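Labels A, B, C, D, E, F and G are assigned to the chains in the order they are written; within every chain, residues are numbered from 1.
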């Protein structure tokens, strides 16, 4: 992917909604916001802390993540629908 | 559980609602938000403090906790209904 | 009490409302929120300051306190109606 | 007074409203909130600064102060109507 | 004046509104808040910075200042209508 | 100009609105707030940083600047309509 | 370009909306805010961190960027429609 996220942002390709995925994740939430799962395609260099050191994003390319959809921005790059999210909008990662 | 919470998040399996639990907790609140109890299934590595050191989450896997439901996100993993919460949404832990 | 509050939270058993207590406190407020008095049953370990040192909660078990009700969460533990409050929601302590 | 305010709070006995006081203060404000005057009955130990040192409250028992009423909580202790305020809600002190 | 402002507050006697003053200031604003001019009668000791050192208020008694009215509280002391403002609500000072 | 802005504020004389200026700036925005251009007449000493050192305002008297109008306060000094703005409301400077 | 952005702002010339660009970016978002792409024309010197050191803007003149439109201000300079944005409103950069 030739689009590099800035700061603590990541680019995620969402799994198909409302399906049991390979790792068994299925979203049946009645909460106000449905968490979603997807695969990380690109990560930013991180945000500088108070001393100017970059705090790395806690996921890497290829990770399968669960995230809150509200915080993200939908974009289409080379025909693919993707999301740009801040690292703090990621809830968990499958190991 | 193969879903690892990120930052200061924890994954909790809620007790059945409105019941007296083994530890005697019973929710009879008329407050705007009903606290709930549950068991911790997974904990994140913690949030970095101002010097980049991780502040560990104050509970561990297996702890029975009381928490505010509003802050959490409901997900279903491998058929189980679970909650992802931030550590600060945990009110107390049974000892 | 086997429920340990987390962080800077305390558990309080409220005095009966609208009564003159042994220490003479009587709430006759027309303010938007009625402060209440009660007895501290359990205290958390405190919140970490910027250097990671815990700032202890300024009250101890057995203290009679005045607090704002809005900040608290009502719970019932072993049949008793209690409140979980943050230390900052405590206004004063009887000496 | 046997009620000790916590943190940077003070307990104040308000002057009779809308009257010229001994020190000549008279409130004729058309502002959204009428400042009031009163006498300080008790002061908290202060709030900790970033290094954990307590920043003392800038008034002492017996001081006559001007304050904004909105920030305070009305309570009745031993039959007396009083106010618990944060130090920052005090506007000035008569010297 | 025997009323000492607390913290970074100042007491100001407003010029007569909507008039050309001695220094030539005339308010013809159509903005949402009309700045006003007045004379400083008393200044607080300043607010402590993060190390506990007081940051002095940037004006002195007798200074003619321009300020935003919204942030201030109207009071009457010894028959005089005055304003208590925070230093940050002062926009400028005539030299 | 005998009015000295306080802190990080600057005084600006706005260009005539909706006109092509000498430097070619023309505002044709459909945005919610129209940026404007003008000339800096006076600058404050700057705001103190966390160590009490003043952070100077990034423009000087005579600079032509582009700014957001919403943050400013209109005043009239010696018959001239002017604006007092915070440095952060300045978007750019012509070189 | 003779307009220098202040602080962490950048000036961007937007690509034509709703088109497939040379780099393949096409916006098909149904999100509340459509991200856009464009080319960086000028960058500010950066914002000072807590020690007064400037944190440089993470893009350079000529970079093709994706950004959120809401944070920007539209201006016209020398007949060209441009945007002034804060660096944090930039989501990613094409490499």
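Some notes on this structure:
One rule holds for everything that comes next: contacts are C-beta pairs under 8 Å (C-beta built on N, C-alpha and C of every residue); 3 or more make two chains touch, one makes a residue touch a chain.
Predicted model, so just to flag it, every value in this text is computed and none were measured.
Averaging Cα coordinates per chain places chain C and chain F 50 Å apart.
Taking each chain's centre as the average of its CA atoms, chain C and chain E sit 40 Å apart.
Shared contact sites, meaning residues of chain C that touch two or more other chains, fall at 50.
The touch graph of the protein chains shown is a ring with every node of degree two. The touching chains form a single ring; listed from chain A in the chain B direction they are A, B, C, D, E, F, G. Across the complex, chain C is touched by residues 2-7, 9, 11, 42, 44-45, 48, 50, 52, 72-79, 81, 84 of chain D. Across the interface of their complex, chain A is touched by residues 23-31, 33, 35, 49-50, 53, 55, 58-59, 66, 68, 87-88, 90-95 of chain G.
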